[in-house]
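In the two complexes that follow, chain A is the common piece, with chain B as its partner first and chain C second.
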Partner chain A sequence: MTVVLTPEMVGQVLISGVLSGALYAMVALGLALIYGVMRVINIAHGPMLMLGAYVTFFLYSRTGMNPLLTVPVAMAALFVVGVVLQRTLVFRVVDAPELSSLLLTFGISIALVNLAQNAFTSDLRSVEYITGSWLIGNFALSKPRFIAFVFAAAMTGVAFLFLKATRLGKAIRATSQSREVAMVCGIDVARIHLLTFGLASALAAGGGALLAVIVAIQPEMGGVWTFKSFLVIVLGGAGNYPGALLGGLLLGLVEQLASLFLTTQLSEVVAYVLLVLVLLVRPTGLLGGRQT
Partner chain B sequence: MNARRGWFLGALSLSVVVALAIYPAFGTGYGVRSTLQIFMWIALAGSWNLISGLTGYVSFGHVAFFGIGAYAGAILVTSAGWSWPTAALAGGVAAVLLALLIGYPCLRLKGPYFAIAMLGLNEVVRALVSYFEGLTGGGNGLSLPTADVTRSIYYVMGLLAVVIIAGTYLIITSRFGLRLMTIREDEVAAEAMGIDTFHHKLAAFLLSAVGPGVAGALTARDQGYIEPISVFPLAVTVTMIVMVLFGGKGTVWGPVLGAVALFVIQELVWAHYPYVHPLLFGAIIVAVVLLMPRGVLGLLQLKYHLPRTI
Partner chain C sequence: MTFKALGSLVLAVAVAMLSMPADAQGPIRIGASLSLTGTYAKLGKNQHEGYQLCIKDLNAKGGLLGRKAELVMYDDQSLPATAVRLYEKLITEDKVDAVMGPYSSPVSEAAANVTEKYKKVMVAPLAATTSIFKKGRKYIFMVITPAEAYLEGLIDMAAKRGLKTVAVINEDTLFSKAAASGAVELAKKKGMQVVYQEAYPKGNTDFSALLTKVRAANPDVIAAGTYFDDAVALTRQMKELNVNPKMYGVTVGGDLPEFYDVLKQNAEFIYGATQWEHTLPYPGNQEFFDAYKKEFNHEPSYHSAAGYAGCTIYAEAVKRAGSLDADRVREQLLKLETKTIFGEYKVDQDGFQTAHKMVTFQWQGEKKITVWPDDLAQAKPRFPTPPWNQR
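Up next is the complex of A and B:
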């Protein structure tokens, strides 16, 4: 099979890649925050995204609320869920061996998915809000994807500003650099952990809410997002927050590029091969290891 | 272990083996099939225990080895005309090759890389199996020529379970096993002691893939028909994990105890509540990790000062 690459195709790939990359970056930033601050990989990150998507779906279909206005509601709701999970379960395994935190969040993850299957059924649901594309020259710009991109980019920007400029953000970064030193400096580390888990869940929920506008949702949609978010932070360099941005864009571009050559059926395979290759060649990621 | 207890345990295991060996002669079809499934779960749980129980590296995708073994076995039986016992061995080999492909890049690193890579593996293998329709039949699945071999497979699966239990005992009592457990307790210290952690982890991982591969090929032959959703369900991995955690990870008999106990409970009680099954399993994982991290056998070991080799 030969595919002739025209400039139009390359341009289209760049556009679609950047559009989906921003969403990847936003969701992965959440996973990166939890990992950076607590050294816990939250397997339930994808299911949190799924719950965020359902908040948007139900607010839209039951109350007719504008889906874009539901995004902050979904984020706030899942912030609370995240804080509750951290406060009741996850804090117990923060200092435990990795096996414990992986298994615990895995257990939470399958429980959440099953709860959603029982409560919401496994039917595919979609939010038909904005459809169609803008045509700019030879390029098509999908309206829902573009709006999701703008939201995701804005929220990722706000999250970075928060981490960079506010006292709480600095406290989060300090905790992720060294918990002991942060503690000595008078930072309430347990509270920072709560806040981090809440924020991370809110970022995932925001991603889910935007995703609900783009694609049909169902309870098992989250699993692949845990995996892809992890891939994004590995690409950028685990523990390196700006790396998540780069990793997200890269994953978006690679996936779109691959879609020129392969069926979408194999898009997960592409992401997987990418992960294995990065681990083989440059496991510290593109921007290198832990800096904040 | 004193001599009298040794004799007692020896006699007990011998009578259990004899009873299970003559069981198909008078057992009902349902009974034989259920016992066969218990053998399979012992083999699967015991295999998961080899990598995750001994080294502490969590495999979230062990069902991929089961599925790849099922497909390798089924394809060799249908297309190449192999006999099912040889095809079952080939299923084990296929699983080991897949494990090598994933283990080589992921186990060189410390930390969560391996766990996440395994989390994605199952979906990827399933997508590939569905994609290569010419070989695998795609979503239509693959039918094997009819043959009534359930009773023979009963014995082979039983043998597989015994081999895995005995292998676990040999590993746990060997220097190799001690090194694996050192990696679990403190990988940096293990490295400092001169243990080649990468090759030890990889060896444990490859060994842990054999059982699911063979079991998959045997199950494919027994059921006569496989399709991607029937041999790659996440639920199988979850069940393996729950069995080992419940019984006691890193022990010889913990996976056996967990497999038998959970299978019986599942058949008697939970079969009536299929919709909340994953919720229960998720809750058990959370509860065991927080409240009983050593599992039932680990608790007994601690309380009654039982030997580590139980």
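Up next is the complex of A and C:
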């Protein structure tokens, strides 16, 4: 009954793993940013992704806009939503104990999902844009997933460049390293927080917009992404930005390989066992966590 | 006093007396929880609308035992644990007069523990798993054909066309598992070889690895025990990974109009099983279809029809029993043999459905065309399913 595994199948699954890994990395980078800069664990990260997916869906279905062109629109829209949330709610818990921020973002998450259920209904929606695959030898390269991969990789790259090379990016990293010193150096920390939350929400929204082309969307699609992003940043090292990239790819590959060698049911188990192992052996994550 | 005046007085008294019980006792409250959000939202909503229309029709015809009927509805979010809590609440806090079943086998299985405990009759119109009814429960009644038979049409057609191998995959929940095991047994009985079998967790959206293995097994037929979300995701990824069986069939979800809306032409050639179609010649079926479309602005699915039928069956038993008493209604439900808009109803001593029949359809030119069994078929199946790149 079981299928004999061939190197070809492993190759096929590695492709799938890298393709989904890039998306994980991009979304998780947003979560890592918020945690790194503000020490806030944003449970509402997944629902932000869901809202991004709906932006794409509505632009595509109402105006016929090319779904790939809607990605920047979704990101811009959710950047604004993120800034507003930070400005009105999240800033209140930045210095509070971590439990407060958990509770607050959990509340925001429930509110967003229920608002979406009321506004958009819980019907499944989908963007039938590009389906199918390119066949390269014996390998099938899924078109929508590959496009999403390219976009996600590009956007993650841009985000890294921004953090590395621009003054604002440096200010974000400085705030993340030490808020007090950053403040003394004349960095407007409140403004950096706004920017960070906006940027992180935009990254989630970008992920959602790309997902809209891959899977069917519904208001509750975000929850699992909050957890996956969380897994990714703990794997890579909480608050460590390149760690999010590594963690994302690792999660994508582990999930796929576990599904192949074991069963789809066990793939999630394997991912979390890996998390426990990493925490036991390297409690600060693979690339080390934020220095405190 | 003229003769005419006397006549109207008598009439007025008669009307007053007839309508008295309804006013005196208030409405009969029928409680249920349904999956209005969560994984099964789409299907649960249709069932809800079936209940609503049934209650409306019932009241238009004078209500139940001379009283108006009214629905007390909660959302169980597709979660069995939530349903347990809600049925407890319905029975002990809201003190409803009767209950109806929730959506899906896993949720019905959980809720049945509560309704049995309080000895409440529960017609469970959308519980299709045999085991739910074979545990010695006394008050639960089945309306639809059991899960094991969902893929019967697909396997039967495949065997008749000389196909030899089948891969069976399913969501790892009660109903889908039963559908899959039914398919496996039937395939073996028909001399086909099951070359691959795997279950995936509920809510799974990435089938890359699973389908890579299925592709390597190269089956003639893929039989999938699915709900809606996974049926859609599976189909999309079959195309992405270029998995090309000669026949591919799903269980639940494939029959919804939304299946085609979401997948567009990619839904063509896919087989699905359905408990009911509006084209089937059952009494009142066409009227139900028209009324439903008018009321809710979309077409009913079999979940809508089963919900409607389950509610009418319960009402019929109450009428025959002349009471809401659980044991008397139960007696009538065990004896009842009827044909509703949904087809035949007859149960054995366990409340297990024995009379209702299923049909298999195929998506052809944006429409569901019944292709099995032969005596109900509208057209021949389009066979074999062409590879994705030749469509």
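In this section, the second predicted complex is superposed on the first by the 268 of 292 C-alpha atoms of A that agree within 3 Å, B and C clash if a C-alpha of one lies under 4 Å from a C-alpha of the other, contacts with A are read in each partner's own complex, and residues count from 1 in each chain.
One rule holds in what follows: contacts are C-beta pairs under 8 Å (C-beta built on N, C-alpha and C of every residue); 3 or more make two chains touch, one makes a residue touch a chain.
What you see is a predicted model, and the numbers here were worked out from it, not measured in a lab.
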item	value
Which of chain B and chain C A:Val93 touches, first, second, both or neither	first
Touched partner set for A:Gln265, first chain B, second chain C, both or neither	both
Partner chain in contact with A:Ala32 - chain B first, chain C second, else both or neither	neither
First (chain B), second (chain C), both or neither touched by A:Gln256	second
Which of chain B and chain C A:Val234 touches, first, second, both or neither	first
Touching partner for A:Gly107 - first (chain B), second (chain C), both, neither	first
Contacts of A:Val224 with chain B and chain C, given as first, second, both or neither	both
First, second, both or neither for A:Ala216, with chain B first and chain C second	second
First (chain B), second (chain C), both or neither touched by A:Ala140	second
Overlap of the chain B and chain C footprints on chain A, listed as residue numbers	117, 224, 263, 265, 268
List of chain C residues in touch with chain A within their complex	36-38, 41-42, 45, 172, 194-201, 203-210, 212-213, 216-217, 228-229, 232-233, 236-237, 239-242, 258, 262-264, 266, 388-389
Residues of chain A that touch chain C when the two form their complex	1-6, 9, 12-13, 16, 20, 117, 122-126, 128, 131-133, 135, 140, 142-145, 214-216, 218-220, 224, 255-260, 263-265, 267-268
For the chain A and chain B complex, residues of the former touching the latter	35, 41, 43, 89, 92-93, 97-100, 102-104, 106-115, 117-118, 223-224, 226-227, 230, 234, 263, 265-266, 268-269, 271-272, 275-277, 279-280, 283
Partner chain A, residues of chain B touching it in the complex	52, 56-58, 60, 102, 104-106, 108-109, 111-113, 115-117, 119-121, 123-124, 127-128, 130-131, 184, 234, 238, 241, 245, 275-279, 281-286, 289-290, 293
